[in-house]
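Presented below are the structures under discussion, each in the form of structure tokens.
The two complexes that follow have chain A in common; it is paired with chain B in the first and with chain C in the second.
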Partner chain A sequence: MTDAAQDNGQMLAADGKPLKSSLNRALRRQKLRALALIAPLLIFVLITFIAPIADMLFRSVENQIVSDTLPRTTEALADWDGDTGEIPSPEVFKALYTDMFIAQERKLHTRLGSRLNYELTGISSLFRKSGRRVEDMGEVYQDQFEDLNDFWKDSETWNALMGSDAWLAEQAAWDETSDSRQPQFELREEIEGLLPQTAATFEIFADFVQNDDEDNLANEDPWALVYSALYDDLIVEPDISGYAGPGSAELLEAMAAVRSFETVDYPAAFEEVDEDWHSIPVWQTIQTYSPDFTSGYFLNSVDMKKSPDGPVIRPEDEQIYIKLFIRTLFMSLVITGSCILLGYPVAWLLANLPARTANLLMILVLLPFWTSLLVRTSAWKVMLQQQGVVNDTLVWLGLVADDSRLALINNQTGTIIAMTHILLPFMILPLYSVMKTIPPSYLRAAKSLGATNWTAFWRVYFPQSVPGIGAGSILVFILAIGYYITPELVGGTTGTFISNRIAYHISSSLNWGLAAALGAILLALVLALYWAYDKIVGIDNVKLGG
Partner chain B sequence: MSALTPVSRTPVSFYVPVVALAGAFAGLLVGTAQGSSLLGVIGGAILMAAAAYLTTQVVQAERPSRWALIVMGALAGLVIGGIAAALIGAFFGWFFGWFTFWLYEGRYRAYVAPYLTPGQVLWHHTFRMICGAILIFLITPILVVMPLSFNAEDFFTFTPEMLRFDPAGYSLKHYEDFFTNSDWQGALANSVKIAPMATLLSVSFGTLAAIGLSQPHVPFRRAIMAILISPMIVPLIISAAGMYFFYSRIGLQGTYIGVVLAHAALGIPFVIITVTATLVGFDNSLTRAAANMGAGPVTTFFRVQMPLILPGVISGGLFAFITSFDEVVVVLFVGSAGQKTLPWQMFTGLREQISPTILAVATILVILSIALLTVVELLRRRSERLRGMSPA
Partner chain C sequence: MKLTKTLLASTALTVASGMAFADGHMASEMTIVSWGGAYSNSQQKAYHDPYMEKTGINIINDESSPEGVAKMRAQAEAGNITWDLVDLEAADAIRVCDEGLAMEIDHDEVLAPAPDGTPASEDFGDMIVSDCFIPQIVFSTTFGYRTDQVADGVEPPKGACDVFDLETYPGKRGLNKQPIANLEWALLCDGVAYEDVYDVLETEEGQDRAFAKLDTIKDQTIFWSSAAEAIQLLADGEVFMSSTYNGRLFSAIEEQGQPIGMAWDWQMFDLDGWVVPADLPEDRLARVMDYLYFATDTQRLADQAKYISYGPARASSAPLVSTHAELGIDMAPHMPTEPSNAENTFVNNYTWWADYRDDLDSKFQAWLTQ
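== the complex of A and B ==
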């Protein structure tokens, strides 16, 4: 730096640079070093943990399956209004035919069926049935074209008509038995202009054969759908006089013939497959769920559903989730309550005993804490059975008759007993660490000033132990509402939590969106509690194992 | 603890009725078990009151009286119901001998403050009894599982043979099943393959990050901490659901690597917490001194910093290990049949065909956790000692 800077009173470091900027640079380097040390783990956690959570949140609103599987139908259906009581126009049915045909070739229609079945029971079988029958609809045209000229029967001639010359040459040169890739299909440019629908459909067909099935396109006859598209193209009589490529004569012949072809009435054809295709609710459901993102899963998780007129509450007998959430919260509260009740005296005893005895008794608290969750759950499952140790002891003592053994398992009682036991150490440890800091002389002072035992405890000791109760309760409550294993094993049907429902939707009913929405609600609940915990205790004060 | 209050003998009118009351209660238990509660209550009360009076006022010798009570209890038990009952009887005899003299000699006041009223003394002992009951509640499941795992039958309760201490009632067959059954051995092998890998990942990343986090100037410290701790806070079922969705998208679902990554993520908060806690007491002038004497950052880390924080790192690693070794929800979703771990096998065992082999496995796991608990406790002490050595 210049002398002028020095004159300003700036201090210089040994290398002649101003001290301030030197210090700043050192600080920046220190920050960077710290970040560089943290970065690997941060990236690791972001990828292995945060990304999955984000993915789950995304799935709870994602709904691309409808518009992906039925792109034409949803587009055609956009202007339809179900309140008029009229079924959609024939164009919609025609779009449905095209979409359905492609979907059933790709075996996607059943997945969409099960997706929409969550919203309206019966759609799943409707889609399955239609998938089987949709092929027949197009065969009307296929048969007529094939009767007209053998040209339309053969995959070779179709390829010659539709494919570009360059592709045809490559395809001819390609050796099927070799490892090299099949040359990717290319459209003949003139055809694309003349027969747009046929070209588009044939491209989908070619792509499916080459990439999904990995078959030789030269040996595959086109789908019936291609013939329907050809009919649609030819019936409007495009100007094909300028076309002189392969099949120009057959095209002219076909164009003259199509006018006398037997046609397909798509609405009627679909009605024949299943009359549900003429029911308004089915179409309303498809329309309601055509956007790419939906609040439907979240509405489902609070016992509501989407309808054309906005969200409505489900009928009484279909309401389960609100009840389940309330049960989860209620049972978690009961468990937290019993943990306070059982944990408080023990923590008090541990905090007030001489260190040696306290450490010895602490082992009794820490041993269950360290024991595998599965071990403790299996112990309770074994003990609480009808023929288990608890019932046997009660019967032996004569407190319970042999023929009226208590039902302690597969119900709420079982879940509450087992989870109270499992979570009790999480209550005792924070309580203990708080109580350890309360000087015992306070109690003695209160008593010497004339307070009774109870007053001294309630007015002097208890208020000081409240932070411990708060920390322990939130910890136990957070752990309890997300519990899965124990309720699953000892809860039966009445003692299960919302997490069991989430697991059910992931692995059994495969309604992933709903599972994700339920998970998102639970997550929000837990994060709110976590935030409260942070305010009360502070994350940095989380301690493990005493 | 030394005695707080000088003790003095109590009058007959106090301890005989109290012992009689306890005798009535014990008699109630024995009586109902034998079919007549009323007889049990009266018999127990009279018997115990008589015994208390005789031992204290007539025999007046503590040691022989208590031994005599134990022997008589054992004999009575033997007559009523075999060896197991004899043990219970001996216990009753020991208890009443102790209880009688505890009251008679006034020992119950020895360790409480002298100014307490009788009511307060009673409450003091009642409170201890309640705490004892809660501690028993905490430990019972573990204690019950252990003997049951030696059951010779496929039952989940004590068979009459076991209660008679008949050797025929006990066997090691469930352990044998565990060590020979391919399902269990496969599950054990998977657990042993997954947990150390996951631990290694979370310990190496976690220790580095904890060192970074404990530097004096870390931007966004709280936010970073919140992200790193989050796997511990988010309910397992949500982590499992998210990982299932995401890992199947990127092709990791059902693979060994997927399970290891998931378990490593779950173990990280434990490593972060324990290692940062150790670093709180770390004296940074040590690293500066090392640098001053010409050591590079790597040498400083391995020769100076690492030995000092090693106990924290190891106990964090043990936490991470036990997290992975015990974990079942995430592996249930992220894993496939090829990654079936021990807890998973136990879970399916408990849900479907419940077999007593689970109890044998449970006993082995309890012993393992006792070993781990001991190691962690020793490490904690060592860490405190090490930190005490370094200049504050």
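== the complex of A and C ==
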């Protein structure tokens, strides 16, 4: 044993392995067991709490919707410079036509309009209007092709031209009334090389008909967009002489004819829909928000906005968030302060009364906890409104004239009164449990040494109760800063918090990105304050009891 | 070993039952979303109760229509549609239809024809403002005032423009926490001609003008977010006058005997009706369609007018409107379309609002916070 132990300077266990590693192994097993025990809770918290919050916060930078809905436009727009004062080139408008056409078929354009409207008001209506009109824009080509040859009118001949032979055979064999799925469209190979744009658009069209609308491709006439793509393909005169498949004669005929076709001037067509398409800020907004990730939401939540020349401050009548953050912090501080003022004497009474009376009082303190929050808030409405209990009493006592009743609700006062009441127990309980541990003999000792009542309280009792104040204040302040339902009900327009704004963006305007950014800032703010508190007061000085 | 088995079995059971309920829809349930209060009550009595009696299907009421569009978007995004049928205003119905959140409907195929055989699309006529929209009622947003708070010798308020007259009618006002109707009234009462209101409101200056007019009464105004809240404010005497829907005012005045009077001038006509959320599973869709066929026929629409003073959307229902079901009073004088009430009326331009709602909503909310 001793030989072994000194073998290479290591202690060995009875089984001859190094003591250190067996010890480690034993410890590791213990740790794993402990981890397994808490695993259900940990996984539960991760899945139901941390993950959704992280997902929600991620939305504050996410911005794929622009490049997903307008992929061609954003690409074409990348080189454009708005500072020159010129609107984008016709190619960009052409791309916009294609993107807009597909987006309105998929009904995605209004969603993107709402998204960009957060940045520049007016875009939502612009997109809605354009979505309604874009279908007619390319019809010029459709009509000309159809006038040229009936071949272009029919969905069947289109399918024969575009579809692969294998798919056409499958499609012919498919029984529409049966439950089996429609065979997925497959492109004829030669066509892809000859008419690249037509092929790409037709594939999108076929995919949409088959998978989104779940209709039979054989009965659906192609979009006007397909015709304008065909025009674009043919006008450059591709070499189609080698092609001998279906429709080769018609293609040759069409290629000869397109040169004399009436064309569509896309920039003018869009201007006709709405002159805003020729306004630089609209295009700058689209360009600025093309990347997949954006700092725009965070800038918005501090009253700034992205511009081509970097972040700028919003005009004064659009600034609200900084004001709301300050208001939220200020009112939370006032509420915390009034909770201390009201809660301290109650906690002192509780801690110093005989047990039976103290228990009764304690039940009174806890009673509001067992009442629904909504009931308590609504009760305050009844109490505080102009024709309410408080005002009626004051008028009856003659303290207030009947025609100048106090405005106690639907403003800041209402929020502060109601929230102080609702959060009071969170102040009293930690105070009480700290005061309970201060021996009464200290006060008696101070007095017997000649201190006045005040000095004994201020120099001896109060310093010992500070940890309770600290704990209560943190609880109340952090709860207050994120409070939502009470300010919403009694706060009117001047007594609402930033959380009401977050709720508005979550449930009404559906600007979840901005809501997430505001939430993230609020979270960071609370953490920063907690950190500052720890630095100044020291978190060790916080006690929730004994 | 045995314990493990029992544990496993009970876990499996819990998970299975959890999944059964997670869908939220038992085989014989339907969630219908509406506006709550007196309006939901009239639907309950005219549509839901007879339908439940007839079929045994249980109808669950959800009073979320004020946030209807937002929640439909959220449900579609989450891929979990929990609503079966939603009651929305016309402008909102157009919006959800544009965004593909609601199902397009062939009105003649889905809805019952009039008793004389007129197809539904003709019976509803112009009221079908969108392919997704099944009209139910014509309602108006108008003003109610406290009769006991009108000073002696002062003529009681007549309509929307009196809300801006703080001198003659001091006291708090109640307005909807939404731009619709408020902005139009502001412009009308600022001297803009009726025909020009929407043209003016389309411009930046016009919007600023409307907000400036609203600014004059902002600190005297309590903004309500549900119609029931507006009635509560009036009933408590918290506000002197408030905008709200005429049927709610009718119920407060006639059914509850509140000292409230109607101020009809420049009442705003609007439509309300059903939309079916897109992508409902087939079994639920079949149930909804069966309900719709029943609840929107001529008799049922006329029945609703027995409980609330909204005009039925079918032409064929109008002659069937009679007296209030419980009070026995004639309903016609309380209808927004009654000539003496309709001296000056305003028709909500739904399509205009569908386009400009997002823009003006965000402006209005920012204005509220300023």
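Criterion: the second predicted complex is superposed on the first by the 496 of 546 C-alpha atoms of A that agree within 3 Å, B and C clash if a C-alpha of one lies under 4 Å from a C-alpha of the other, contacts with A are read in each partner's own complex, and residues count from 1 in each chain.
Definition applied: contacts are C-beta pairs under 8 Å (C-beta built on N, C-alpha and C of every residue); 3 or more make two chains touch, one makes a residue touch a chain.
None of these values were measured; they are calculated from a predicted model.
Novice: Please indicate which partner A:S507 is in contact with in the superposed arrangement: first for chain B, second for chain C, both, or neither.
Specialist: both
Novice: Which partner chains sit in contact with A:S228 here, chain B, chain C, both or neither? Use first/second/both/neither.
Specialist: Touch partners of A:S228: none, neither chain B nor chain C.
Novice: Applying the document's definition of touch, where does A:Q284 land relative to chain B and chain C: first, second, both, or neither?
Specialist: In the superposed model, A:Q284 contacts neither chain B nor chain C.
Novice: Residues of chain A touched: more by chain B or chain C?
Specialist: Answer, by number of touched residues of chain A: B.
Novice: With the two structures laid over each other on chain A, which partner does A:T496 touch: chain B (first), chain C (second), both, or neither?
Specialist: In the superposed model, A:T496 contacts chain C only, not chain B.
Novice: I'd like to know which partner A:T121 touches here: chain B for first, chain C for second, both or neither.
Specialist: Only chain C is touched by A:T121; chain B is not.
Novice: Could you say whether A:H421 touches chain B, chain C, both of them, or neither, answering first, second, both or neither?
Specialist: In the superposition, A:H421 contacts chain B only.
Novice: Report for A:T486: first if it touches chain B alone, second if chain C alone, otherwise both or neither.
Specialist: Neither: A:T486 stays clear of chain B and chain C.
Novice: Just chain B (first), just chain C (second), both, or neither: which does A:T294 touch?
Specialist: In the superposition, A:T294 touches no partner, neither chain B nor chain C.
Novice: With both complexes overlaid on chain A, does A:R111 touch chain B (first), chain C (second), both or neither?
Specialist: Touch partner of A:R111: chain C, not chain B.
Novice: So chain A touches chain B in one structure and chain C in the other; where do those two contact lists coincide?
Specialist: 385, 387-388, 507
Novice: Flag every residue of chain A that touches chain B in the complex, lowest number first.
Specialist: Touch list, chain A to chain B: 27, 30-31, 33-38, 40-42, 44-46, 48-56, 59, 342, 345-346, 349, 354, 361, 363-368, 370-383, 385, 387-389, 392, 396-399, 421, 424-425, 453, 478, 481-485, 488-489, 499, 502-503, 506-507, 512, 515-516, 519, 522-523, 526-527, 530, 539-540, 542-545.
Novice: Can you tell me which positions in chain C touch chain A when the two form their complex?
Specialist: Of all residues in chain C, those touching chain A are 67, 70-71, 73-74, 95, 98-100, 172, 218, 222-223, 236-238, 354-359, 361-363, 365-366, 368-370.
Novice: Which residues of chain A touch chain C in their complex?
Specialist: Contacts found on chain A: 106-107, 110-111, 113-114, 117-118, 121-122, 124-125, 128-129, 131, 317-318, 320, 323-324, 385-388, 410, 492-493, 496, 501, 504, 507-510.
Novice: Per the contact definition, I'd like the list of chain B residues that touch chain A in the complex.
Specialist: 1, 29, 32-33, 35, 37, 120, 123, 127-128, 130-131, 134-135, 137-142, 144-145, 148, 155-158, 201, 205-206, 208-209, 211-213, 215-219, 222, 224-231, 233-247, 249, 261-262, 264-265, 268, 270, 273-274, 276-277, 319, 322, 325-326, 328-329, 333, 343, 346-347, 350-351, 354, 358-359, 362, 365-366, 369-370, 372-373, 376
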